[in-house]
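In what follows, chain A forms one complex with chain B and a second complex with chain C.
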Partner chain A sequence: MTTPYGAMLDSLTRLRGIRGVLVVSMEDGLVVAESLMAGMKGSPIAALSATLATRVAELTGSSGHGLPRFLHLQGGDGALLVAPAASDLLLVAVAGRDVPLGLLRLEMLRMAERLT
Partner chain B sequence: MTEDIRALSAQYAADPSSLVFLRLAEALRRRRQLDAALKIALQGLSRYPHLPEAHDLYARILTDKHDYANAFDEWDTVLRLSPDHLGAHKGIGFLYYRAGEPDHALYHLRLAAELDPGDAGLRAAVERVAGGEEIWEAPMPEAPPEREEEARAVTVAAGDPFAGLEGAEERLLLVDQDGFRLGGGLLSSDGVDVSEAAAAVLAGTAREATRAARMLELGEWGHLTVEAAGVGVCLLRPTPDTSLLCTMDAGLPAGQLSFFAERAAKAARAWLERVR
Partner chain C sequence: MRAIEPWVLGPLGTFVSESQARLALLMTTSGQVVAQHGFAGSLDLMASAALGSGIIASTSELAVQMGWEPFRIVMHHGSRRAHFLGWFDTPRGRWIALVVFSADTKLGLVQVFFERMVEELVAATPPEPGQKKEVLAADFERELNASLRALFGR
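Here is the complex of A and B:
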């Protein structure tokens, strides 16, 4: 990890059950920085997260609730968490099954505030 | 035929991810071993969810099991994936005819006959449904009769799915897969009715969630929760072809939003079962 975000991402991946964490450009869905478990590919996670975040922003915007602050997609085998940040960036985490997400959410929200 | 099934079973066992499941399940279906055929077809569908032939096969097995409603849905899926699918037009035509809807039956059977002009049986079926050979002189309709719109009208006329639930008209919104509002309503934080605007985006958001969950191997998604300015939002799918949006003040515990959303999803499922 050589990007300026390295230490931040590594601190999240140390949390139990986290498969990977990324900083993603929301506009083009590209990886800005990543810290992933072996075998995981950052590009599809980035693209899918950015598309989903864009859709959700349209949804909250169209319903008069402004921009989303945090997204949590819960599946039977894991979860995708997205915290929009400044400068059109997203902080994205992929978690495994049965991971306590409260601490992760708080950490992501805190870090998203620092992302520029 | 027995040997065929044995040989196909062996091929399938050697490579379960191959397309041989199509031939094996069809062979079993023809032998009237419908449960075995169904099992193989479902295994194949789980591997190839976007393969029209897999849905077509599954629909034929369901038809043989007299599960016509689900067979219809499967052929409908085939036509979404492959609009000129001969088997699906024949199948849906048959189901419409059986349901006493000759106009719809005729539309699909004529399309099938155009796709396979050499099928004398199919031409005879078209003439039988139409009541004569002169059907071939009539122009082919450009679109099927407005069944979907009729169904939606019936659904909407059946009352509100969330009647009796708190926030039924301002915090709960149910849409179909095309973003058509089926029930409920949504108000913005300043009291403006934003139901239609949100409905238009809701189904697409649910599709993105489905795509993300599948491609990231998260399993089937249960809910998408969103924190926004002053509001918590929960998106669920009460059924595979509907999406439900629930909103709640952000100050309330997240568990309360989940509980509220699950209750609304249950009400929506019960209502959909009733009206369908």
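Here is the complex of A and C:
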């Protein structure tokens, strides 16, 4: 990977059970940078994560709770984690079942603060 | 939603409902309409098809002049509406899709569903009818009227 986000994404993908990490443009749902396991397609994850984050932001905004800081969708086979960052960017991670989610969440929040 | 070729309706219908497109138009590179969704009048439809195919032709030539591959997608993001124009290859030749969607729909989402529609269209394309008929000037108006009836149901 040659993007400026490469080192940041690689440090997350080194965590056990992480299948992929992406930086996504929230406004248009396109991939800005990605580090994914072979066979994973980034564009659908980026598009759906951005749509999800926008809808949740509308929901939390209209209910008076401000913008979300972190989204966590837990499925039977893994989890989708989204951390909104500055500059209209999202940090998105796809994790398998046996992943230390607390550590991943902390790392993502820390990185989202640095993401510009 | 109407189509000249009925097998197009399935993939296009799925795309329109999933992407929440307001208008959708499938056409050949010469601007001949294959299917449409959301257009009320034949004038708008034919003008959009002509302009869409013209934009693809001119942007493709622009890319060639710069030594690039032709642009696959041309996007315009307005304040209320966005326009997506993209070409793709089918067993029936190169087709163009023009999609108008709300500005709050993500471009990435439209692209994902567009790629899926292309795969479904390619898979659904029936074999070409045996022998191609020669197009005669005398048949042109009758075929144009038949196409308009198919696209607008009148």
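The criterion applied here is as follows: the second predicted complex is superposed on the first by the 116 of 116 C-alpha atoms of A that agree within 3 Å, B and C clash if a C-alpha of one lies under 4 Å from a C-alpha of the other, contacts with A are read in each partner's own complex, and residues count from 1 in each chain.
Everything that follows uses one rule, which is that a residue touches a chain if its C-beta (ideal position, glycine included) is under 8 Å from a C-beta of that chain, and two chains touch if they have at least 3 such contacts.
Computed from a predicted model, the values in this text were never measured in an experiment.
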Quiz item: Is the arrangement of chain B and chain C around the shared chain A a clash or a fit after superposition?
Solution: fit
Quiz prompt | chain A residues touched - chain C or chain B, whichever exceeds | solution = B
Practice problem: Could you tell me if A:Val56 is touching chain B, chain C, both of them or neither one (first, second, both, neither)? | Solution: first
Quiz item: With the two structures laid over each other on chain A, which partner does A:His72 touch: chain B (first), chain C (second), both, or neither?
Solution: first
Quiz item: So, A:Gly29: does it touch chain B (first), chain C (second), both, or neither?
Solution: second
Quiz item: In the superposed arrangement, does A:Ser11 touch chain B (first), chain C (second), both or neither?
Solution: neither
Quiz item: First (chain B), second (chain C), both or neither: which does A:Pro44 touch?
Solution: both
Practice problem: Rounded to the nearest Å, state the minimum C-alpha distance from chain B to chain C in the superposed three-chain model. | Solution: 10
Quiz prompt | Touching both chain B and chain C, residues of chain A | solution = 44, 48, 51
Practice problem: Can you check the complex and tell me which residues of chain C touch chain A? | Solution: 77, 104, 106-109, 111-112, 115
Quiz item: Within the complex, which stretch of chain A touches chain B?
Solution: 44-45, 48-49, 51-52, 55-56, 58-60, 62-80, 94, 97
Self-check item: chain B to chain A touching residues, read off their complex
Solution: 186, 188-190, 192, 194, 197-198, 200-202, 204-205, 208-209, 211-213, 215-231, 233, 235, 245, 247
Quiz item: Mind pulling up the chain A residues that touch chain C in the complex?
Solution: 24-25, 27-31, 43-44, 46-48, 50-51, 54
